[in-house]
Amino acid sequence: MAILESATAAAAAKPLSDNVVTHAEVGPIDNATGYRTFTAGDFHFRRDEYFARITWPAGGSHVAPIDAFLRALMRDVAWGFFYGTVNFDDVVGTVNHYGEVTLFAGTYNDAYRDAGRDFSQRFPSEVLGPLFKEMITDWTNAGYDPFAAPMETGVPWGAKNGSNLEAVNRVRVAARRMVGLPGDTPVRTDDNGFPVNRMFADVDQRQPLVEAEPGFEGEVSAYNLFGYLSRSDVTWNPSVCSVVGESLFCPTSEEFSLPVDHGNDRCEWFITLSDEIVWDIRDKVTGRPRAKLVAKAGDVSCMPADIRHKGYADKRAMLLVWENASNRIPEMIAAGEAPNVSVTW
Amino acid sequence: MGQYQTRFGSMADYAKGGVAIINDDPKNYVFSNVFEVAEKSAPWERVAVAKNFEYVIEAARAEGTSPWYACAHDEFVLVMDGQVEVHLLKPATPLVDAGQQGAVELADMPDGAKMGRLVLERGHQGLLPAGSAYRLHADNVSCVLIQTIAGPVTVQKWADICQS
Amino acid sequence: MAILESATAAAAAKPLSDNVVTHAEVGPIDNATGYRTFTAGDFHFRRDEYFARITWPAGGSHVAPIDAFLRALMRDVAWGFFYGTVNFDDVVGTVNHYGEVTLFAGTYNDAYRDAGRDFSQRFPSEVLGPLFKEMITDWTNAGYDPFAAPMETGVPWGAKNGSNLEAVNRVRVAARRMVGLPGDTPVRTDDNGFPVNRMFADVDQRQPLVEAEPGFEGEVSAYNLFGYLSRSDVTWNPSVCSVVGESLFCPTSEEFSLPVDHGNDRCEWFITLSDEIVWDIRDKVTGRPRAKLVAKAGDVSCMPADIRHKGYADKRAMLLVWENASNRIPEMIAAGEAPNVSVTW
Amino acid sequence: MGQYQTRFGSMADYAKGGVAIINDDPKNYVFSNVFEVAEKSAPWERVAVAKNFEYVIEAARAEGTSPWYACAHDEFVLVMDGQVEVHLLKPATPLVDAGQQGAVELADMPDGAKMGRLVLERGHQGLLPAGSAYRLHADNVSCVLIQTIAGPVTVQKWADICQS
């Protein structure tokens, strides 16, 4: 998660749009499955042993395997709807307007749109966010962690069976200046609950030599970023490690596949720090495949603002996601002034 | 099997991926590799490998001793290969305007108080604090990334470094 | 699996097409993962801990989560490429020409085709079939059954770890006249290794009353089909239970989701015998969504010949798939004389 | 939870699904429900609910005693609801041509040898062997499916039974 608090706060102060829907409701417990139902405007959400079932007006409906759905929902909740579009799959997802959020079905799917079968509603973020939070809480069973890699967690299937509050309530990590500075996000150690991941057992854990003259202890600072990433307990979940104005270094550790198809509303940069990640690039609006990107350690690439991307990594990899969290960008996007690619030559 | 090898890159040993097009222009992905950039650059040439409005990430070949730099805002250095020493100094008088973006190269070591020293190896990230002056040093050819704002020392040579 | 032996035999007697590729190769064991690689013509297949990786000429590549890939591959192997198109996912699959088979990438994906990025090669079935068989055998680890429902098997992830020959070598069940007749497919019992599935514990297991006069014991016959289906150990795997000429009743028990997107080359009928199955219907050629079908017990529907379908069932359901295995149909299809929908009014 | 209820349908209690269109014609799916068809049909009306070239699946309301039928090829009956008795008879002389497709209704019980009797409940499938004659009986209103070939007794009333 890499959205600055200031951006959200600024947006929350704006008056609501005219067409905004404020109805959200947690339904009763289903007798057969033990799960609650959820309603947001005219969208209804239900889970059973294997699927999330989503319906919307005029007979719209969608079935999503619950493992993929929970992994996507978890990110959308933890990231506060992130930047731009979070496609849970080819049909359902959210678009962040920073203070408000659109929940859609088929809007970013060529065939649904061409047939006039897409549907969306816009909500205050503070209405949809808590509802989604309750959904991920209710629908996650004991032993299953939607943030974890497949080999490091249980299975999500079956009827309601306990909960995993610790997993779904993880607080997002966002350094204000840099990890390891006094009063900022601490480095990770065995002792504070972050053991080295099995796939990063060979990563050097030594910390840098730091010699501060008296009086400069708060500014002469460095830490082992690769060591820090080797101890991440979650996958595909960027956290802020260093901040230059609105420039956020948001590294993350990646294993298996990105649970969402992310369609950023601005350029987003990736620097692969270790191993290999393959990216499927599709058009943001139509969903049609555009490119395939193979990124190895040291590779840099820009994700243009008009695509959606989904990544794959067999060996856990370290990825530096670089975001520009500027408040001006949403306005530029609305005015059509934001570039699709931030560099041309 | 069961023993995983984490593959970090280095200037001596990196494998570059790339963009395979289905229906697009590879230039949209501004694809480069920091080790390749460092390999082909002059020592301490601060080459932008990523840019987002005013913000940049620079890749540099760290070799020998760098000039002194000053910067009005925080910057961060991340060692991607080798070992790099950072010397930090608090200038006696401000060396750059408060609004100045990016690092400024200094002609000489400025007057001021010694703040301290960092010795960074691969994967270590260090703060280059706002208002300080700094100099980097690498005994052996190394590679660093710098998180900063585009400024007078930033080199943009996209056509040379990117897949097209 | 519901392809008559006679059809395959007839096709195998035909001379090979001019453009047919006969090269297939099993590669060495990968040091890191322990899995073998496989080559069919210019297609290469590799698996790692989480993915099947498929490449083809001119930089074509595809990454498929290994769970979905193995479930799809298992069906394609067990069904002898089935009728028409078996889409493993939106990119890769096979088309059965009955004696020959096309392996394709992007051919049934609008975006790949429009961009000229689709690729396919045609193989003798007896070349691609055994290669796929070796692939499913090598890539399936101990404890994982690609035919089983998610809650009834292990996980497919990780490096090579044993095998599950019993699971991948299941012989297909095809009654010649009717289940239970003397010398034909036997009914299922606890004793012959088919216990009642946990989701069908309430299904009546009594057999019908059968009173045959002397001399007619071989023709006066009936059995409990629902009981038989409640004891199926596999999902989404039709087996022939009764045969009228080329008309095959191929019931099956369905749980979770159909691992392939099936684009039949002829009309296929479904009668839902119990519970509920939801079907996603997409265009066969373009992959664009066309309809959503909800089928409950007693519901009958035709799958037209120009669509692909994928089903979902949370509660294990009984489905009667009805196929017409006529040898004439492939010729009619080639001549453009086969109807898309077998009934109009 | 943990206790699963298998939902079979019956004429007294069925729930019908349906086709929701994104971009198609619902008639392409020839969607009907066998219990609804049986409910709205006359006793022993053999209504085609599925057809693939010459082959059909018929749904029938089983109520009281059916006519006698003869058929040159195998047919199969599957009870979907209720209980149905099947009486089988080996005709003394062939009643239908060898090439005749589908069942033929007989005016009366034919001469021949008693083959046997089946009592089928819900989910039971029975063979109606080629060359035999048969009669069905249901004490209470029941529902059967018959796997056969379209013939003289097959009723096709698609517009009445299908979603459009």
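Just so it is clear, A, B, C and D label the chains in written order, and each chain counts residues from 1 on its own.
In this text, contacts are C-beta pairs under 8 Å (C-beta built on N, C-alpha and C of every residue); 3 or more make two chains touch, one makes a residue touch a chain.
It should be emphasised that the depicted structure is a prediction, and the values quoted were computed from it without experimental measurement.
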Whole-Å gap separating chain A and chain B, where each centre is the average of the chain's CA atoms: 28
Inter-chain centre distance, chain B versus chain C - centres from mean C-alpha coordinates, in Å: 54
Between chain B and chain D, centroid-to-centroid distance (C-alpha), Å: 78
Two or more partner chains touched - positions in chain C: 59, 61, 111-112, 114-115, 117, 288-290, 292, 294, 315
Touching two or more other chains - residue numbers and ranges from chain B: 20-23
Topology of the chain contact graph, where touching chains are joined (line, ring, star, complete, other): other
Pairs of chains satisfying the touch condition: A-B, A-C, A-D, B-C, C-D
Residue ranges of chain B in contact with chain A within the complex: 3-9, 14-24, 26-36, 49-53, 55, 57, 59, 73-76, 78, 80, 86, 88, 90, 113-127, 129, 132, 145, 147-149, 158-159, 162
Chain A partner contacts - residues on chain C that touch it in the complex: 48-51, 59, 61, 63, 65, 109-112, 114-115, 117, 150-151, 155, 157-158, 255-257, 278, 280, 282, 286, 288-290, 292, 294, 312-315
Interfacial residue positions of chain A with respect to chain D in the complex: 32-34, 59-61, 111-112, 114-115, 117, 159-160
Chain D partner contacts - residues on chain C that touch it in the complex: 177-179, 181, 198-204, 206-213, 216, 219-227, 230, 241-247, 249, 266-267, 269, 271-276, 281, 288-304, 315-316, 322-324, 326, 329, 340-345
Touching residues (chain side chain D, partner chain A) in the complex: 1-2, 20-23
